[in-house]
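Listed next: structures, encoded as structure tokens.
What follows is a pair of complexes built around chain A, which joins chain B in one and chain C in the other.
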Partner chain A sequence: MTVADMALSVQDLEIALVGTGRPVPVVTGVSLAVARGEIVGLVGESGSGKSLTSLAVTRLLDPRVARVTAGSVTLYGRELLDLSEPAMRTVRGKEIGMIFQNPMTSLDPAFTAGYQLTSVLRRHSGLGRRAARVRAVELLGLVGIADPRRRVDQYPHQLSGGMRQRVMIAMAIACEPKVLIADEPTTALDATTQAQILDLVKTLAGTMRMATIITTHDLGVVAEVCDRVAVMYAGQVVERAGTEQLFYRPRHPYTERLLRSLPRVGAARQLAGIPGQPPRAGHFPVGCRFATRCGYATESECTTAVPVLRQLADDRSARCVRTGELELIGVDA
Partner chain B sequence: MIDNVVGPSVGIAVPTPVGFGGWRAFRRHRLAVIALAVFGVIVLAAVLAPVLPLPDPNAQVLTDRLLPPSAGHPFGTDELGRDQLVRLLFATRISLWAALQATVVGVVLGVPLGLLTGTVGGRLDGIVSRAFDAVQSIPALILAIAVVAVLGRQLTPAMVAVGIAFAPTFYRVSRAAASTVAGETYIEASRSMGQKTIRIVVDHVLGSVVAALVVVISTTFAFGILAEAALSYLGLGAQPPSASLGSMLTSAANLLNASPQLTVEPGLVIVLVVLCVSQVSDAVQAVASAGDGG
Partner chain C sequence: MSTLLSVRGVSRNFVVRRDMLGRPQDLVHAVDDVSFDVEAGATLGIVGESGSGKSTLGRLAMRLIEADGGRITFAGHDLRALPPRQLRELRPAMTMIFQDPYSALDPRWTVGRSVAEPLRVAGSTTAAEQRAAVVEMLRLVGLEADAADRRPGAFSGGQRQRVVIARALITRPRLVFCDEPVSALDVSTRAQVLGLLRDLQRDLGLTYLFVSHDLGIVEAMSDRIAVMHLGSIVEIGPAEAVSRRYRHPYTASLVSASPAPDPVAQRARRRVVLAGDPPSPVDPPPGCAFHPRCPLAQPICGKRKPPLRIGPDGHAVACHVTNGDPGLIGTALLSHMTGADRLLVRTPNVAKGTAS
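== the complex of A and B ==
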């Protein structure tokens, strides 16, 4: 598939934190593409740049804090980074829907669920007050809220966390966007609700044929819903692969270590952590950013040259100079 | 009286927003409901005074001077034989109007700027906030007296000056509420749905600042009544033959021995209005901080 066929394509995205002094690049060379109806997971630990990336796509970065310094983001071939702010506003909500991490704070406590939902509908679809309300009830039903007619007039504090996240999802999909970005959609929810919300996102992405990006630090989430995965480390995508391939045959040492740190039911072994800390933004090492924590790193290759995201077989890629010579172990089948 | 009127001092507590169910919670404060009703009757009487079948408040009947209360003149007559009740109605009208002018000026100057800088922050916030700090250091009545000294004895410019001195309170309250709300995730969520910044501010920020504002507005209004009374008592406000509550007090003060009720009546109206307004404002604050929006 070429880039133009992709619903959403991010190419060599670079984001720098601005503040006092010189801008500090924190995300560099992030490339990923999502096709229609496909769910791509963006995985990484805290501070790896996954949330910055998802905010950059919708251009919601606070310009006083972070700016996109290079790269391109295209929606069906249309460059988003060059759009004017008013044009971008019609893209947000209408063509790209977004779900946030914490449903407790993503809804305004002063307004009913219905009010907040209809204001999105009225903003983008030009529906009248009545029609918007009817649609709002429909949407609440669609995201699996029981008794939507009653719930539509309730305030966020009358809804449970899971229901609030469903309302957020209803708002995100209200205008049938082409792209859905879910930034840690289940992190703040308990395990049972997590599974239900993931199921819902998966179903909606399928039926509405949305290109979906889910950012998460939870490989369990990835395994459950994602078709493909991009693993981020220290502001870079270090590996891209189909979900199964990634889990069974990782091609980057960081991915391998991540998989080994997953808890397994019934496994008697101790959990393997990754020694050390990820490098801080602005203090990235010269060569491979994972080299200092990588068991396979060699003095000659890994700490001198900056590795590129190399295309491998099976439509996957990895940012490791030694990936060809290493036998990395995934999860057992 | 002057010493008391230094401006409204409302603690800047950003309350949780009141939903549309707020009225039900308000109704539980029975005293406030009564106060609201009394205030409503006073306002209605004052507003309707010119169209009610009443005698001319400025018509002098010199044979009927300083009459005690009677069936024909329920509140008696003043030193020029004018009906005290009718004059009181028209005086209340002028006083309420004056307090409203000061409040509106305060709101118009303070609220939009407060919402803006609270939302945007940064350097603009610093500059505007310091400017309002400077304004706050000017006492309301001193500013009003200075304006009267320049423009002559007129009530409206004096009350506008009072309003300017009140503006920092409105600015502070709206700025504090806006900056709290601006950091909330639901603002970001709202932006992610393509909502315009101005729409977000109006919807979410104003929505949550409205309870705090009702409290400040009512407190300021009460202070406006007192400021007008003080100015007119000093002869700097309403000019004869029209009367305000303050100027009625001045002329009645000389007749304290002959007709004490002439002093008591406008005084009571002032107390009543201010009490009612502050009762209502207290109840609104209680409802707002209880924060059961449903």
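== the complex of A and C ==
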């Protein structure tokens, strides 16, 4: 597939933290693409740059904190980074829907669920008041809220955490966007509620044929819903692969170690962490950014040259100079 | 092994609303008639979702908050009957590790001062002894001795949690209440800290009360597991039995909701999708509190609260239905709950509203 076929394509994105003093590069060379109807996971630990990347795609970076310094973000071939703010506001909500981690802080506590939903609909779809309300009730039903006619007039505090996240999803999909960006959509939820919300996102992405990006720190979420994955570490994509390939045959040492850090119910296995800490922005090492924590790193190859994200067979890639010689172990199928 | 902590019939209500005369109107039954034992040197894991009362239960067991009723025995002492002075003397023997290492440490204090604080409070040690103990403790949790002179701001989340652990262990306690000790940490750091807790338990002979919402983590850490739902233990037993031969429908739904790092298994498995939202702890449903969401609920479940019935291997379950049918266990229970023939899986009504 070429870039133009992709619903959303991010090319060589670079983000720098700004503030006092010189800008500090925090995300470098992030490239990923999502096709129509596909769910791509952007996985990483805190500080890896995954949330900054998803904010940059929607142009929601706080300019006082972080700025895109290079790269391109295209929506069906149209460059988003050059759009004026008013034009971008139309794109957000109408063409790109967004779901955030904490539905309590993303919904306005002073307005009913229905009011917040109808304002989205009236702004972007040009519906009248009545029509927007009818559509709001319909949308609440669509996202699996029981008794939507009653719930539409309730305030966020009257809704459970799971219901609030459903309202957020209803707002995100209200205008049938082409792209859905979900930033840690289930992190604030309990396990049984998380399972419901993931089911919903997966079903909606499928039926509405949305190109979906889910950022998460949880590889379990990826295993559940994603078609493809990009793993981020210290501001870079270190591995890209289909979900099954990534889990059963990782090609980057960081992915391997991350998989071994996960507990699995009923498997009673020893958890192995990753020694040390990820490097902080502004203190990225010269060579491979994972080298200091990597059991496979060699002095000569890994600490001097910056590895590139190398294309491998099976439409996957890894940012590791030794990937060809390593027998990395995935999870047992 | 001997029992270090024994909890019998402990309850605690919180008043959430009073009328104009100050009389309690709404009560949350945070913990309702709960009993369990913890063996010395072992770990009891308590798993449950938010609002299940698992943290309250841990605090009650150490008398950090007062119970409304029941009996708690710790190392031979009747904890609830203990006068304040004797309770204070016992405090160094039972300590706590908090969830959030960012808020659990005073940012203005050096790490050394924070870690030494419990010794200062307990008295009976000199400043020199305290310093030596801090250095030794920091070494045990894998931090350099010079960490003592730095402030929390200089450390990452995982390192801060090591400091919190050092502070909890400096008095050489027998019982440590770990309240979601890794929830605020990243995945790779999580496994490091869990490994450390395990090593320290072995080396120092610690007994853990380990609370988490994550069944996978609880299983990795525990000898026995208690599953809490809305203030009650619905299932308790050896870790392996609860996580593999679970007999309560709520445990089954937790197991099926725990994400497995295995895409094929994850997508192939049938998952229990619970109908509706968790019930309110203020106005819990009558009978079994899980019955409104339980795919196996019978008429009796809405009338009578099922007792926790103990099996031969110490595996106890509070369920009218599965206690009456020994075949409903583990994956058999799970597939019974998701049985396609019975159309129990409720999915969001996507087809009805058109997303044209």
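What we mean here is this: the second predicted complex is superposed on the first by the 329 of 333 C-alpha atoms of A that agree within 3 Å, B and C clash if a C-alpha of one lies under 4 Å from a C-alpha of the other, contacts with A are read in each partner's own complex, and residues count from 1 in each chain.
Definition applied: a contact is a pair of C-beta atoms (placed from the backbone, for glycine too) under 8 Å apart; a residue touches a chain by one contact, two chains touch by 3 or more.
It should be emphasised that the depicted structure is a prediction, and the values quoted were computed from it without experimental measurement.
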item: Overlay on chain A: chain C relative to chain B, clash or fit; value: fit
item: Chain B versus chain C as contact partner of A:Thr187, first or second or both or neither; value: neither
item: Touching partner for A:Thr292 - first (chain B), second (chain C), both, neither; value: neither
item: Dominant toucher of chain A (residue count), chain B or chain C; value: C
item: Spatial angle chain C-chain A-chain B, Cα centroids [nearest 10 degrees]; value: 80
item: First, second, both or neither for A:Gly266, with chain B first and chain C second; value: second
item: Chain B versus chain C as contact partner of A:Gly141, first or second or both or neither; value: second
item: Contacts of A:Ile274 with chain B and chain C, given as first, second, both or neither; value: second
item: Which of chain B and chain C A:Gln11 touches, first, second, both or neither; value: neither
item: First, second, both or neither for A:Arg64, with chain B first and chain C second; value: first
item: Shortest span in Å between Cα atoms of chain B and of chain C, once chain A is used as the common reference; value: 13
item: Touch list for chain A against partner chain B, complex; value: 58, 60, 64, 89-94, 97-98, 100, 102, 105-111, 119-120, 123-124, 154-155, 157-158, 168, 171-172, 174
item: Chain A residues within the chain C interface of the complex; value: 45-46, 138-139, 141-144, 146, 160, 162-163, 173, 176, 190-196, 199-200, 203-204, 207-208, 217-224, 243-244, 247, 257-266, 268-269, 271-275, 277, 331-333
item: Chain A contact footprint on chain C (complex, rising order); value: 49-50, 156-159, 186-195, 213-217, 219-220, 239-240, 243-244, 253-267, 271, 273-274, 276-278, 347-350, 352-353, 355
item: Residues of chain B touching chain A in the complex; value: 16-19, 122, 184-186, 188-196, 199, 203-204, 207-208, 293-294
